[in-house]
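Have a look at this one.
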């Protein structure tokens, strides 16, 4: 079981039309080198699931500028004017989801749940088209799982099995997306031998990781 | 904000009739010294939420033997014959819940969710009385949140704010119960000054912890 | 007061609502300033919804760590005793009621405590980010904003922009005064001595209830 | 074969179902023995539902760490590259389909793949622990057990004890043979040369389909 692959091999795992999860929060904790590769490769008609659409010249926003998405599911697109332009001109479908709901939907997919009930979005446009369920006298929205064909995530360090640790605020959605895709590729700043990480401090267990690419320091 | 209290002060926070969460898995990662104190204090008519009922002479099982519970919610009671006796003779109500479902119910309460949809228990006696909801063509049970008045949990180490770290397989339900009770008391083997723990390695953030008791090494 | 003085005046007043041990989430813009005015003698932890508690000030330029950023993506620091976590835990903390208070800006607030602050249809649709969860989950919701925008009311009888959350706001702090959202409507409990009650009412679409013990805002 | 030999024979055959890189959860009792027979040249990680991957053998008596235990509460070790986690993550791994295979014992299995292994009403009600999640979530469910109990059938047309999960079992390995659960029913694909097909059928309530290429079980 060797999970290490080259960046070229990793890029070949993303196909036109795929649903793609991308880790990161305003481009912090984003697998930047994989984004650059996907822009260059020109894969298209993707559905993006990401916290936000980064900036036009940083993070997943570069793929927005390259018009690689037919649909974007995110909690915030305000930092990338190109997303707004594509949305307003009807070029790209944009679904806005409350950030905590997005986190739970991705977690639900990865953890085999059929969804969660959340009070977030009740009484707002977010409830449109969703089932409302009353539990213990309080009303909640039923939010369904969100899964993907491929997740590209970032980690500060991986061991050769794929156990991951993170520094700073880079975890964000990376930990959740790891479990929620058919194929998960991690871009790690550094890869260390098996046994080098403290089993009490690993944040993402290797069981969720299919492939490891080394390099491309974050930031 | 000084969260450190004596074991006597901690025991006074548990009242007759309370719903009590107790961390631990077959008495591993159980706040044993708090269990001993509650047995001695004789608090009664409690509802227990715990993975299991430990052993007659170890873990929360000591409280079962002392007949302190009117109701027990657990995934497994087979290691404590006294629980089985009380259940069979109608002395104590026992609700058996699949372990993964119990974990999600406690997490849901702590994280403000109205419940989760799980496939676990479909087609078994577990589905009795529960709502069945179809999502994306598959049927799930709606499992509601489980909260408590007081949670007593264990940690290997706490800082003085209440940030927690764990060694080995002691986390189990401790991390989840921390957020799910009105009052959470942690029994930590060791308490260290604020700043002594690596912010990248803390497992339970202090925001969930109300009180810290030092001592009573696990095992 | 120039704009900066006005914003600091608001932020200073909001900071008085904080208590020792509180965990507080500050929105971007004006609310961020609140961190500069935490009263002496109390300790407050700031939560950053992108994944930590213990948000500290911006670092010196040569101390920047690009992996430690706030919810606006800017480099910040983490205080002693802080802790990093992922987005599921971050919003578990928020949605689960573990955040003592959130301070947010708003486009509109109405007398039922409804708030609109995430989109102007057809014009500006940045998305709600974490705002909907914060409004639902934080124990206390404080809106910190200028009382009007270009002479138009922001404190309304009824919001007409899409809501971020219904019946969510507890307290509104502006440069004109401090307003509680009560079951009966907006209640002016403090007033900036530079203004009269009539001034504040004129700048507010909804009818104000004036507190019997109306105080000066400081 | 005495009881121990029989159990080892079963465990050794189950182990042949494992593949390099698999993450496997073993139930208590007979299934635990499978860990001793992992074929050479492949690496398998064992998951322990109480909170880790990388379950290793029991430690020497002077090496016992009471904070590292298996799902039966006994002291064990963790292998290099292992990782500890809490019960929510543990069952996220299980329910989410990230466990390659689980090996469990059973009281009854029927030809639809229904399994009963957590209670005998009025007699034994230990609880399901993690079994229901494992049966729902593991990619492959292997039942490892003796073919009959005190001369009574365990492989039935239809389970009459409360189910732990419906239509969950993929493969059954006993001392008599290896049985696949197919849409048509039980299919005997390997037989212990010590028995005849008639012996196995007599010990099985449901009608067996005999594989065209029935092999010897080794």
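When the chains are written out, they are named A, B, C and D in that same order, and each has its own residue count from 1.
As a working rule, contacts are C-beta pairs under 8 Å (C-beta built on N, C-alpha and C of every residue); 3 or more make two chains touch, one makes a residue touch a chain.
Note that the structure is a prediction, hence the values are computed from the model and not measured.
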item	value
Identity of the chain that, by mean CA position, is farthest from chain B	C
Whole-Å separation of chain centres (CA-atom averages), chain C against chain D	56
Rounded Å distance, chain B centre to chain C centre (Cα mean)	35
Separation of chain A from chain B, taking each centre as the mean of its C-alpha atoms, in whole Å	32
Of all residues in chain A, the ones touching two or more other chains	104, 107, 112-113, 118-119, 166-168, 200
Chain D, residues touching no fewer than two other chains	52, 78, 84-85, 88, 91-92, 94-95, 136-137
Category of the chain touch graph - line, ring, star, complete, other	other
Interchain pairs in contact, sorted by label	A-B, A-C, A-D, B-C, B-D
Touching residues (chain side chain B, partner chain C) in the complex	1, 107, 109-113, 159, 161, 163, 179, 194-195, 197, 199-200, 202, 205-208
Chain D to chain A touching residues, read off their complex	20-21, 23, 43, 45, 47, 52-54, 78, 80-85, 88-89, 91-99, 136-137
Residue ranges of chain B touching chain A (in the complex, touch as defined)	104, 108, 112-119, 131, 133, 135-136, 138, 140, 142, 144-145, 165-168, 198, 200-201
Chain B to chain D touching residues, read off their complex	25-29, 51-52, 74-79, 84, 87-88, 94, 96, 98-104, 107, 118-126, 156, 166-176, 203, 218-219
Complex contact set, residues of chain D against chain B	48-52, 65-69, 71-73, 78, 84-88, 90-92, 94-95, 122, 124-133, 136-137, 162-167
